[in-house]
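Below, each structure is written out as structure tokens.
After this come two complexes, each holding chain A, first together with chain B and then together with chain C.
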Partner chain A sequence: MAVLNRMDWYDLARSTNWTPKYVAEDELFPPKLSGEFGLPLTAWEEYDEPYKQTYPEYVKVQREKDAGAYSVKAALERSRIFENADPGWKSVMKAHYGAIARGEYAAASAEARMMRFSKAPGMRNMATLGCMDEIRHGQMQLYFPHEHVAKDRQMDWAFKAYDTNEWAMIAARHFFDDIMMTRDAISVSIMLTFSFETGFTNMQFLGLAADAAEAGDHTFANLISSIQTDESRHAQIGGPALKVLIANGQKQEAQKRVDIALWGAWKLFSVLTGPIMDYYTPLEHRKQSFKEFMEEWIVAQFERALTDMGLDLPWYWDIFLKDLSETHHGMHMGSYYWRPTVWWNPSAGITPAERDWLEEKYPGWNDTWGQCWDVIIDNVVDGNMAKAYPETLPYVCNMCQLPILGTPGKGWNVKDYPLEYQGRLYHFGSEVDRWVFEQEPERYAGHLSIVDRFLAGMIQPMNLEGALAYMNIGPGECGDDAHNYAWAEVYRALRAERKAV
Partner chain B sequence: MNTAVLGQAYRNNLVGPVMRAGDLAQAVIEAARTDNPGKDIFVDDKRAYIRIHAEQEMILRQATIEEELGRPFRMNDLEVDLSSFAGQIESGDDSIRFYFVKKL
Partner chain C sequence: MSDIQILKPQKTWSHLAARRRKPSEYEIVSTNLHYNDRDAASPYELDPGMFMNEWYKKHTFDTALKHADWNAFRDPDEVVYRTYNLMQDGQETYVFGLFNQFNEREHDKALDPRWAGSLGRLYAPARFLFHALQMASAYVGQVSPASTLTNCNYFQMADSLRWLSHTAYRTRELALAFPDQGFGRDERRYWEQDPVWQGFRELVEKALTTWDWGEAIVALSLVVKPAVEEAVLRQLGASARHNGDTLLGLLTDAQLIDADRHRRWTAAFVAMALETTGNLELMMAWIACWAPLADRAIEAYCGALPDAPGAADAARAATRDIRRGLGL
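Let's turn to the complex of A and B:
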């Protein structure tokens, strides 16, 4: 029997809009869920997905992908990669799985909203496949770390993290809730699939795969790059929606959503991906710096695609470019200093050789961040460990939920961007974070940051013990230096050398 | 690199697939050369992934990849290792096209 080519029947088969007779269009597609852009069904029928796939093709291709990923895992299971990995690399895996795995199920829910409520038939088809993609990602990223739970209690956070009030998880949830759990179908397509998935997921799933391959962790490299093949398809859901909006005079609304999602993603990646690429990954396995990966994936690839769609660079482009060299160094120092409050063991990453690398990649590092690290190093080398741990809380931003920070040294520039809204004073770490809040204050106003909660007496007793209990960080789970301060020996030897001279 | 230089990085016209490393990626590199005569094909191997790019437009044909692989291949099978791509995409039964509308 002759089988028609896909393109001979695809458009017809997925044209599933009809004119409702028993209910009004707004009842079938409630604007709050479908998108309040004032566009009728017919406008959305112009939506043409560029990356087409049918269900039988999907099943065949996905089966092949899974066969590949699971067979690599099975083949390498007995190679003791985890046991022999550098402690810094284990921390990369712990941070990744905790911050990502359960978020994939949330993404499945966001895809399901597009699947049901989008007025564009093509979007509904692609989101059906996208929803199954995200379930696959959730399942795999819980299954793969599971074999390590018995060896290392922190690996349990692959599952546990999203159920806790750990500070980084509050930040991650705040961002993901904003772009995918509390938005209409069209906004999800722009903020989650276009802004986040054609942009930032490449950093975490391909940039990091390049480091993983260098580190010899082929199971992880293979897993995350396989996941990204799904992303690269369903991330294309947003592009045609942008085209429909622009064609119907809604460019400004589309641009605003891209700008909000891009900034939130940047802040989250500055605390998650920046430190693991530039400090945790063993020096000899670093393929590129975080900044170089950002330049490759976000500036050269994502921003170029954005301009081709007819959108503009975000209004905060210059701020963003400047922050690319700075923010994640502060995030790293903060999460290292407050290390008891994370579920992985941060690697300091500041041996003399690593500092040379940082200085080469980020000229001026030694005169800025390096000065602060000198103090931490001296305290550790002197055995003043009490001074190498925090006693107070950092101030965190009411938008990104991450510490408000600046670059140390001569150009010390930390600044609070405050805003009073309905009698409450909010604090933001940047002009952009405050701008995001101002776009829709009622969306964010009720949220309490971890510091707000502390000041409101919700964290008791008001000390580190109380904070750890509030964050659900159990014994054997709280972070400490990945290498048990072995790096201090290098500095001790340098001191001894200097004395001898 | 100062921010002025960094900020210009988006001013490029390179399009094409970013493939997971493997035999399919190697076939795609060869097919890119065959199917885009007269064009320079830029290959950047990052070990876990390989960028295969050309200026402004790149076409890959099912028949060419199948011949390079030496086994049956359907255009849609490209997805197994297509982990990302630069540019816009247009997927067909017998070919796939990466392109930019604008030239910077």
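Let's turn to the complex of A and C:
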């Protein structure tokens, strides 16, 4: 072969900055789109992406990856894995696809923002490939669930979720729109790729892939681990941008963006991924607890990445570490209790064996969350189903758009963190959510949470029925108990046993 | 309670289910994917008045180029991600096969040094121009009102990176064959200072700062790209063939295959735009505004191509033919 090596010509392909003449530099790279850091083009030419790939390498490798993932799908199409899967596992897939597929597609445009507006030529080329990756992830994660759409109406939400005002989707959009759709190129590189993709997608995709393989869902396991191989490339776009910022005295601005994005990602994961891992995935297929996954993929990873970068741990690190054992249990109980408002069937996940597992992984679970579940269990066992469904809405946070919650039991600690800003009173679920708002209130102030909309009369009639109509979720789509309350039989039997004694 | 209708599973996504036709893979994974058109007051789920919400309201949704349903747009080639890679991996195998073969035959050593000088001035600096197309396509894609349009622009962005990559690759090879001609060193100077490039530089700098989606897509797809492709691919390729540079002729032919695909979706886009009254006049007015810049760019560039008499006229005429063929 008489062809050049990649590095013979790679640098030329990223020597593409020029000094504009017919328009000003600030017109070609408007600060609000390119980043208001006051750094000139030359400063960004120092940007050096650690993961280098050329166009011909990209199309070749990606073609091969697609061939792999799509052939596994084709081979298993008639396998009835979906039909035979545990209902809890189906719920995992439904929640995942609905919250993720079109969000990934939207990320293509966040990558395109970096491509067009970054002053770093290396970033522009890497974001070109990143943009293509995100088209891939959007398209695959629509094509794969589409196979099941004729079997189960809730699968329609793999597409539909992003078009609705379903509460979890308001929260998902609020987060993704904040970190990736409405930021300048450099902030996107920090908030989306460094803060979100490095750790959190790793956890969602590799963690869930491990559970999927255990559950025998090889198509899904293959799909999401294939996606992660792309993420691990384009997630490295943000690191070198942080280096440039820090070298140019912008550490504080960089740190702020990391801290905002990390917190939002955590909150979203506490409602979507926590329940999936600790309650929906069948007990025998759980590789690790959500907290263990978080500690491995997020805590350890970030402590290392931030230190390597010369950044600090977020100021709220202690709060975050404490919440790892708590928040998602509340989110699970909330989404279970309000199950008609979600597009999947939550698995309660509280049989005696599962409770033992929860107690082992989260010492004290039975004395806290367990007490609340005892009430739900009693109502279901007694046939008091009216009491096992909600009538109103929970209060939600004006930042993460998720319920404001605390840990039940003796240490009951639920607390509102209010803030008055320009005559309006806002409510936050934590000190950190409030802090995020205070950093740039003009980004958030005019937004109405679903509860604000309810109180403003935008949701009619003002009851659960009106709320469901507003969320565009109807009978046939609304969630109910994944196992049709089969778990209650265990408790009925236990009661009968106790009576017999 | 008896009249509550329970929603049943359908054969495809609910938004495609009303039609009787079985959707293609392309439609399943490409249509109606943007969610920023849910709420006219607030494209994104944040303060309606924040900067980026205002940006999309103004530049995407309030453009003068109107259509009742841009989401009805379909790429005539129905390109999806996986077919894009299948196609372009094949194309790259072909191009890198050419690079390999011509290198083995010591093609560059046989080139006339004067032609090598022309390549240094008229070919190698094109990487800046192709990169500008990459950036412009990325912008038009991110503000397009339909995902099917967005995708065409993103694939076009990737194709522009492809052209840029070929140029960088050849620049390095030429630097090895002609170490004293400034390959790999002088491109930026040519791009920023040589009069042959200033027309294109002005054209793309202005196109890159056109924020209104309607005007940006018209300027890029109907004026800028046709001018670049006819001058810097087709006429350069012809000039190359007259100067013993078979490789460059074959390379620009291969790149023009991408350009032809871009023109097919552009034709579908124009046909769709013309369904709405007023768009014809609007697009004609934009073109009238942009075409003189493109003509000057073609003039300056093609005038310098060796052994290419009439290149400027031919390129200019070709851009007219493209537009006329679309009713513009």
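The rule is short, and it goes like this: the second predicted complex is superposed on the first by the 500 of 501 C-alpha atoms of A that agree within 3 Å, B and C clash if a C-alpha of one lies under 4 Å from a C-alpha of the other, contacts with A are read in each partner's own complex, and residues count from 1 in each chain.
We adopt the following convention: a contact is a pair of C-beta atoms (placed from the backbone, for glycine too) under 8 Å apart; a residue touches a chain by one contact, two chains touch by 3 or more.
All of these numbers come straight from a predicted model, not from anything done at the bench.
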Contacts of A:D308 with chain B and chain C, given as first, second, both or neither: first
Chain B versus chain C as contact partner of A:E477, first or second or both or neither: second
Partner chain(s) touched by A:A212 [first = chain B, second = chain C, both, neither]: first
Partner contacting more residues of chain A (chain B vs chain C): C
First (chain B), second (chain C), both or neither touched by A:V299: first
Partner chain in contact with A:M7 - chain B first, chain C second, else both or neither: first
Chain B versus chain C as contact partner of A:A265, first or second or both or neither: neither
Those residues of chain A which chain B touches in one complex and chain C touches in the other: 60
Chain B - residues contacting chain A, complex: 1, 3, 6-7, 9-12, 14, 18, 20-21, 46-49, 76-77, 79-93, 100-102, 104
Contacting residues of chain A [partner chain C, same complex]: 1-4, 8-10, 12-13, 15-16, 18-23, 27-28, 32, 54-56, 59-60, 62-63, 66, 70, 102, 105-106, 108-109, 112-113, 115-116, 121, 124-125, 128-129, 131-132, 135-136, 138-140, 142-143, 146, 149-153, 155-156, 159-160, 162-163, 170, 173-174, 177-178, 181-183, 442-447, 474-477
Contact set on chain C toward chain A in their complex: 4-15, 25, 28-30, 33-36, 38, 42, 44-53, 80-82, 84-86, 88-89, 92, 95-96, 99-100, 103-104, 127-128, 131, 134-136, 138-139, 141-142, 147, 150-151, 154, 157-158, 161-162, 164-165, 168-169, 171-173, 184, 187-188, 191-192, 201-202, 205-206, 208-209
Chain B-facing residues of chain A, complex: 5-7, 50-53, 57, 60-61, 64-65, 68, 202, 205-206, 209-210, 212-214, 221-222, 225-226, 228-229, 231-233, 236, 239, 287, 295, 299-301, 303-305, 307-308, 313, 317-318, 321-322, 324-325
